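Both complexes below contain chain A, partnered by chain B and then by chain C.
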Partner chain A sequence: MLELRSVTAGYARKAPVVHGVSLAVAPGEAVGLLGPSGCGKSTLARVAALLHRPDAGTLVLDGEPVRRWRHRAPRAQRTAVGVVFQQPRLSADPRLRLADLIAEPLRATGRREEAPRRVPELAAAVGLTRDLLGRRPHEVSDGQLQRACLARALVLRPRWLICDEMTAMLDASTTAALVAAVEDYRAATGAGLLAVGHDHTLLHRWCDRTVHWDDLSDAVAGEEGLVTPSPVTDGS
Partner chain B sequence: MTCDAPAAEPTVWRSYGTRRRSTRAVRVRVCAALVAVTVLAVLLVPPLAQLDQQAVDLAAKLRPPSWAHPFGTDDLGRDLLLRCVYGLRVSLLVGLVAALVAAVVGTAVGAAAGALGGWADRAVMRVVDTLSSVPHLLLGIFVVALFRPGVVPVAVSVASTHWLSTARIVRAEVLSLRSRPYIDAAVSGGASRRRVAVRHLLPAVAPQAAIAATLMVPHAMWHESALSFLGLGLPAHMASLGNLVQGARGSLLAGHWWPTLFPGLFIIVPTLAVAGLAGAWRERLNPRRRSELML
Partner chain C sequence: MPGRTPVLSVRGLSVRFLMPGGRRVAAVTDAHFDVAAGECLALIGESGCGKSVLASALLGLLPANARTAGRALLGDLDLLAADERTLSRTVRGRLVGLVPQSPAAHLTPVRTVRSQTQETVSALTGVRGRAAVRAAARAAADRAAFPADHLDRYPHELSGGLAQRAATALALVGDAPLLLADEPTTGLDRALVDRTVDELRRHVDAPDAAGGTGRGLLMITHDLAAAERVADRVAVMYAGRLVELADAASFFGTPGPRHPYSRGLLQALPDRAFAPVPGMPPELGDLPEGCAFAPRCPRASAACAALPATVGGLACHHPLPGDDGEAPSPTASSTEDIRA
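== the complex of A and B ==
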């Protein structure tokens, strides 16, 4: 399970963006999270990906509560969650060729030798041709770059995948191709998915269930018994 | 309406734009030529000339510029052209070494502060602020005073007072990069702090650091000259530009202008040329920021 329990998070302590939100994703399940722009969906996604330390609440990943965040989080926990961000331009290092971009997590985790095999395999899975792999981010389109970003998120075979508005800036055919690539990966590995977005039609078709942001806060979901506000513990 | 109106004049903005670009191109070329001449002179003249810059000829002391001595002679009859070239050699060496050391130290400190953030960042930047509040020359004099005069102490003194601006620039750059999603993506991909710094942050700040280092070369040369002029830098017998100006001060009042003028030009022209090149480079990388000479 990937469980967020009454998470409160934000960028200024006095004004949290996310206020007591609980959400659970079961293994193999695809959950779509719908909400208006600026409501805090992306912040919640960052918490779920261990990239942002919440002010209160807990994240439980495969039965183990997360106590440390970002660099401090154990590598196994961090890499169990793959993330695809909304803006491919900003989420790709402009100096890396697409092949290096996709292989970077392998190199960072000391599995360099898998790169020659995994990169072409993933490139084919997300629909990137061989000539594109040698290009740098400014030489490809947003859609092509987002495909590379998806491949990078999948390269470590995460058990959970978080797609934060992955297709918001892309055309219909690229959207379909990316969703298909995600679904192929999930069918092969049984990974859970949290897809964040504002496109009802897409998320309804894509996911097993969709939840609306307004129904997530503890005031509403209280009857589900998930509410046990506890201060977050961090080793730092 | 008639159709035989005169052909349209070339638009004003176009001619203005090309003129501006050409003045910049000329400036860059002049600077590049001056730097090239300086470097060639410094590298080639000493081994080719086989002349002793320390050769004293009291019979020919304080001669005005002539064919035999294009820059004249000083109060001990030494050839000023040769002395100037040797002096420039020392000044350039000190400038390059000091700028390189300052850039490396500044980049390391700035990147560490920016990447670590929190308490480490605040502590380091307060130290930088404190050091910056003391005038550089004063701090430099203090450092030089701790050692025997020589090239190394002067380079150390200049480097130890000049890494501060690089540290600030690099830290600001790292802070702005740190919150980019691609850093998040790297963290999520299992990258360690060190990996993020070496693979993603340092390559991104390298151009800024290189420009800062280049702009620091002229500054360091001026600093060396100032220290030598004050009698605190290099030993007096060593031909450095600061020492030459210092030694010629007395004869200026007697109407001997050449021993001050030529070393002075040797300080000003190469440093302005290097600064001009570095400024043009920065303008090219970051056109929004107008280049100013960081002297």
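== the complex of A and C ==
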């Protein structure tokens, strides 16, 4: 179980972006989290991925509350979660060849001897060809780089996958291919998924159930009219 | 929209990049299309297929190692042959307005929207005098539905949708007859995508300063839903070539796309089959002799080793049947007539 309980998080103490939000994902379940741009769903995804320490509330990962975040999180918890971000360009080290990019988590956890076996296996799973593995990020397209980022997220065989707008920058065919790769992995391992996005059609098709951001806040259930403060929106 | 005079006429446009070691990358090959006033042509295709290179070629923004061939006529001016002086003084902003892919990166981060809009007004129009420029900048922001009370904000203080409108406002200042939108909706959420393309459509339909028929819009996108919403015609690009040019209504509705690649692309949508086109696009530096899609194509045959000619906007040896039923079935196909 991946449980977010009454999480409040943000970047300035006085103006939290996420306000008392609760969400649970059962093992093997795929949950789609829908919400408009700027609502705070990516911040919640970062909390779920142990990448952002919430101001209040708890994250419980397989029964174990998370007490430390980011690099301070215990390895067993950190490696239980794989993350794929929206923008592959910003989440890939430009100096690494794709093969090294995919193997990076193995090296970071002292398991580099698994790389020669795991990297080709994953490359095939996400649809990367051998010649692409020798290239650096500037030599491949966004779609190809995102395939590598997905392979990197899967290389440690996480029990939980967090996909934050994984396909927002991609064309329809690459989107379908990446979703199929995630689903193949989940079918083989029983991993749970939290997919964050704004595309209703996509998340309805992809996930077992979808939840809308507006329905998650504890405040909405309790006090009517108390709505999560939203950041600058689009004016109209 | 047949019958209307084209704003932009592209004939045989090709772009090659010369790489170290004598390698050549065929980014765009032999593109033919027109964009008429009051018409939106959506150029769609997978990432890396050459769409954005084509846009850069039209604006003279290709890097130094690029070589172009063919013509891109905007009125009497050939954009591919024009020198930098012509491009910078008469084309960019004045004849072609660019709605950029990433407005947040397009805007100058250290200046307010008002300051940038006023600068654009001063540079592109004859408006002079502080008060007049200020008023013209407000009017320009208003045209793109950018709220006046946000004019004194810096780009990082804007949401994605507002930054998009600010960039659109700048693109419209010069009242250019052609708008070029390069992935204007990437990364925006669906509601914002719809609003952005609806606004673009409004600018296409709005009569220009002379009360004419409106602007032409070439929208480059991989967002098929956005293309369906806004386009009159659709051009599908694969591996640097236009493989299908069709009416949007028949492309997205019935009979549907006729090129197997276009069909695969549409079937990848989550509200359709949600199945990817198998395999990956070929390397533009290492294209096969014949049809570049053949290795991924379910209808491919021996005939596909030869390059298909473009007939009626379609470049395929084995197209899917159209509404008139003239397409040969894959089993009974004879390529001779098509290649003629």
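Criterion: the second predicted complex is superposed on the first by the 219 of 236 C-alpha atoms of A that agree within 3 Å, B and C clash if a C-alpha of one lies under 4 Å from a C-alpha of the other, contacts with A are read in each partner's own complex, and residues count from 1 in each chain.
Just so it is clear, a residue touches a chain if its C-beta (ideal position, glycine included) is under 8 Å from a C-beta of that chain, and two chains touch if they have at least 3 such contacts.
These numbers were taken from a predicted model, which means no experiment stands behind them.
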Combined model on chain A where chain B meets chain C, clash or fit: fit
Touching partner for A:A124 - first (chain B), second (chain C), both, neither: neither
Which of chain B and chain C A:H200 touches, first, second, both or neither: second
Superposition-derived comparison: chain B or chain C, residues of chain A touched: C
A:A168 touches, of chain B and chain C: first, second, both or neither? second
First (chain B), second (chain C), both or neither touched by A:L50: first
First, second, both or neither for A:R75, with chain B first and chain C second: first
Lowest C-alpha to C-alpha distance for chain C against chain B (Å): 6
Common interface positions of chain A, toward chain B and toward chain C: 87
Interfacial residue positions of chain C with respect to chain A in the complex: 45-48, 145, 147, 150, 157-162, 186-192, 195, 222, 224, 264-266, 268-271, 274-277, 279-280
Chain C partner contacts - residues on chain A that touch it in the complex: 36-38, 86-87, 127, 129, 141-144, 165, 168-177, 179-180, 198-202, 204-206, 231-236
Contact footprint of chain B on chain A as seen in their complex: 46, 49-51, 70-71, 75, 78-79, 81-83, 85, 87, 90-93, 95, 104-105, 108-109, 149, 152-153, 155-156
Touching residues on chain B, where the partner in the complex is chain A: 180-182, 184-193, 195-196, 199-200, 203-204
